[in-house]
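Have a look at the structure that comes next, please.
In order of appearance the chains are A, B, C and D, and numbering begins at 1 in each one.
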């Protein structure tokens, strides 16, 4: 049973996208930035958030052999998973060229960030910061991007100049 | 990558629903079928008796068929009490508290025949012969005092059975009929 | 049942709403970028304690599970199921109701679409299934599924609702049941298929034809009489439901879909359409879907599912843990067409505020309405009331019962005292945040 | 010229047709061609409701002049306009039956009509006759590498992908997250870092929108220099469309307050890889959503349960699943995924970065590879079009490899950044044809021809593995070649 009556043009109040309510629920619980540290593991290209600690290629070699070689192969040349060395010229490879750390990655900090956040694949976030610095140094050195006995730490890692850094085009500048 | 160029004045053709659509020059993939081939599915009994098959049945013939094939669910003598509602008796008037029965509510007797033949017994619908359906229909109508004990139900007599509640209905939205 | 109302003034509810419903203008603007206004007014929860330090969940430190070909819900959501009233498949009807209180948006996922079967769920081989169109036609025709796949199709989002949905509200006493038990026999999906008119016109319609007897291939061979006018309007032979082939409980391999008409007429497992001059008066239209009125008469051929709305959250069974802001949310729909307005009250109908409708608002489909509400912890009675583009609106329960009657004693919640109940539903929130079903 | 005036001889076919459900084994369908003598008037009954945005945008521009009837049997799109006459009196003879003339065999009750059916379950699943309608898996045994599940578009219809068939990519399996413990923290360049639980988010004002999510690498096999003979699921299966419901990210960020210096936000997931992407803050404040529901029910685990970021129109990887952290920053983090994977190489050695947008794209779902046409006659060409830049404005279909085009009908309502179903009536005369679709969006973008696309973006030197990703963001045309036996191949045309 529904009543039928002449309605003044009912204002169709429609939830347009982006429309929110003037009075938000305010139900988020405040938290100190310190308490977020446990999750805040993102390293920015300028080195922000790099933890204390350091590592050299030599310190990285044994850690790599013990924790990484099983998938990435001896001396990071590749195994069940991709290799981490090699610098084939991009231009020759065309669109499906092998993007390696040496010929493609724009920032060395990405290497530290990804190793710490996701590796080893089956037990992520089990490496100490020193181990991550050592592995980062080991891989950068293998790719001749740093000297054999350079020390990677919060100051030096961001300064590593990756060869392909300036070889990118922003596809939709208006969306940045 | 998609190139940008002058926005087209394209009118997109939007296919609205809510429109009947037939393609005279359409697929025409319906296969013709003759009434004879249709017969096994053409089981609808209309209120005026159209569709009633040959055959007949009396209340007396219906009693044993009921006992054997219906009582298990609908109860002894059609009184209910099993897992299904009774088919004989019940309250004089149907109310919101329940009790729509064949005598106090069903407008047409032909519906009894149609439903028994198409859907009963529940586990083997369509397994009754037309004779058995006429007999069961007669048995139920007689049980509810809608026909006499020895009336014979067939294609001629069944449509003539006058159900008490027949003229007690209102069409809710006449404009939609 | 829509009753005509002449004067408009007396009916228009007071717009500024009490009991925590913000003035509707609050709904219009986009929230202010209140970078600076962190006043205590927006304090966190009552306890106000800062959140404890974050630590990785166990799932973050191990490789996850393998992807499956046909994915299913998380194990933490295994309570989001339909309630079934015939789990042992006893020889009688079986119904499964949609858990509206646990869903959102307007689409009902296929696994949770409500189902009513009168002879169990048939296991139909699509290659054997046939659709026959005959009776008052120029040429009786048979269609296979492969043939129908080549016809022009349409897709449309729309609801299917059992004529008996909301029947528990005919009870003279408000049954303490949740929205799934009260209103679970309605769902909304995107249906794709061939318009019935396409097939009828291929068969050639005899001008004398006025009705279509539509019959299913299930064991009771359920059949209903449908006006030919509806067949030539928006009736569809539906083949797909939310993109995939129709679920067995919704009529696999094909069903009749009559947007806005009572569920039982939307014959599942459709195998036959016979054009006739007269309706067949099947048991369903002559007995079951014929509603008794207080004066002893009964409606016939009700057909239409009228404008209706209910609040799905908060609702019975979903307790409010603390005072503060909540979103009152629910669905509104009408067999007549689009919803034009939904009003919400938090004080049992003394005052009302207009809820926001989530666009796009589609005809004969669920429309999600939302209303922000600040609960002060005191007792409140939540109600929603909907209007449709035909000018119809939901009656109060008192007005509805005056016209349609109610039971004299509370029926079982799975019973159907009558059908086509579309009056207002009310939820009472007490000081402890418990929600009861009430009549208000 | 209105359709009624169109007089032409058409062949009226009869008989079996393209099957709806191609089980794995190839099924061919017989064909008879019936030559009819009567001429027909084309009349169709779709009532057209011109509500396309381009018309609204153009201030009611009149419909363009009648499109030429495209080659190879594409029926005039105006055939889909207007409601024809109910031809109650139409001549019977004109509807001759199939060559064999044999009527359908006599009907009998099938077994399912003669016995009660099975029990109604608490959670429905498809009929056993549809068990082949599943996603294909790239890593079924869960080896330690990325897993992909692709949507079977060639078996679906309409615009909604059912949840069980929504595509999924997981880089380290699907985490089994307890919603009661899951937290979303928003911090960094904010006034007051805050933590939200699911219970609190459930009380926020929510929005519901229909959007596609597409992997940036969807359609990657099309970069192959030669057309790979694989079906639509293998070529374009990493895109799906659903109704998403959740809380606008802007609502939450405004609550924590925004430091004017912030220009980016980092979104991180609770999976073992803690997958992180950098997102421009402007997108975060636009239509970004913390999505909680997918087609009405809570998110599927493979699509981010209990909550995910949804960036309508942006590449899938950025729509971070299992969302647990948003950090406002003043520079992009150049995480592994944006620095390496989703940074498409160009032929000259340069590469794009921050591609973000999934551009306008369309493909025909049926007829398509693997769905053989059994006989000549009437078919509906149907497919999906979508664009990350807004609504689809127009879809053109060609049956002669691009020599001539006709405009397809779009199934209304057309939503922005969502699947739009297009349909084109077609009469196949049994001769070899090449079907193609091409879409335009409301922003004026359109799909480039393959030659133009390859000239800018390049193609592979060798034929890659169909499951590989030679590159990303392919949105050129897809072409299906049908031979005279009705077999369908994937071609470049």
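Criterion: a contact is a pair of C-beta atoms (placed from the backbone, for glycine too) under 8 Å apart; a residue touches a chain by one contact, two chains touch by 3 or more.
Only a predicted model underlies this, so the values are computations on that prediction, with no experimental measurement involved.
A.B. asks: Higher C-beta contact count, C-D or A-D?
C.D. replies: Contact tally favours C-D.
A.B. asks: Nearest whole angstrom, what separates the Cα centre of chain C from the Cα centre of chain D?
C.D. replies: Each chain's C-alpha centroid was found; their separation is 28 Å.
A.B. asks: Could you grab the centroid distance between chain A and chain D? Build each centroid from C-alpha atoms only and quote it in angstrom.
C.D. replies: Spacing between the chain centres: roughly 30 Å.
A.B. asks: Provide the C-alpha centroid distance between chain B and chain D, rounded to the nearest whole angstrom.
C.D. replies: Here the centre of chain D sits 43 Å away from the centre of chain B.
A.B. asks: In angstrom, rounded to a whole number, how far apart do the mean CA points of chain A and chain C lie?
C.D. replies: Computed value for the inter-centroid distance: 46 Å.
A.B. asks: In chain D, what residues contact two or more other chains?
C.D. replies: 16-17, 44-46, 80, 86-87, 90, 95, 104, 107, 113-116, 144, 172, 185, 192, 194-195, 200, 203-205, 207, 250-251, 254-255, 272, 274, 324, 377-379, 411, 413, 423, 425, 457
A.B. asks: Mark out which residues of chain A touch at least two other chains, giving numbers and ranges.
C.D. replies: Correct list: 15, 18-21, 24-32, 36, 39, 121-122, 124-125.
A.B. asks: Residues of chain B that touch two or more other chains: which are they?
C.D. replies: Answer for chain B, listing residues that touch two or more other chains: 15, 17-24, 26-29, 31-34, 38, 41, 122-123, 125-126.
A.B. asks: Okay, what are all the chain pairs that touch?
C.D. replies: A-C, A-D, B-C, B-D, C-D
A.B. asks: Touching residues of chain B toward chain C in the complex: what are they?
C.D. replies: 15, 17-24, 26-35, 38, 41-48, 73, 83-84, 93-98, 100, 105-108, 110-111, 114-115, 118-119, 122-123, 125-126, 165, 168-173, 176-177
A.B. asks: Using the touch definition up top, name the residues of chain C that touch chain D in the complex.
C.D. replies: Residues 31, 33-36, 38, 42, 44-45, 51, 54, 57, 59-77, 80-84, 86-89, 91, 94-96, 102-113, 115, 117, 119-126, 128-130, 132, 138-139, 142, 144-155, 190-192, 195, 197-198, 201-202, 204-207, 217-219, 221, 232, 239-240, 242-245, 247-250, 252-253, 269, 271, 313, 321, 324-327, 329, 358, 360, 362, 368, 370, 372 of chain C touch chain D in their complex.
A.B. asks: Which chain C residues qualify as touching chain A in the complex?
C.D. replies: Residues 1-6, 8, 11, 22, 24, 26-32, 41-45, 49-56, 60-63, 306-308, 324-327, 334, 340-341, 354-359, 361, 370, 372, 374, 387-388, 390-395, 399-400, 403-404, 420, 422-423.
A.B. asks: Applying the document's contact rule, which stretches of chain D touch chain A when the two form their complex?
C.D. replies: Chain D reaches chain A through residues 144-145, 172, 185-187, 192-197, 200-201, 203-205, 207, 209, 223, 248, 250-252, 254-256, 266, 268, 272-274, 276, 280, 282-283, 286-287, 324-325, 327, 329, 331-336, 339-340, 343-357, 457-461, 464, 470-471.
A.B. asks: Under the touch definition given earlier, write down the residues of chain A that touch chain C in their complex.
C.D. replies: Counting only chain A, the residues touching chain C are 1-8, 10-16, 18-32, 34-39, 121-126.
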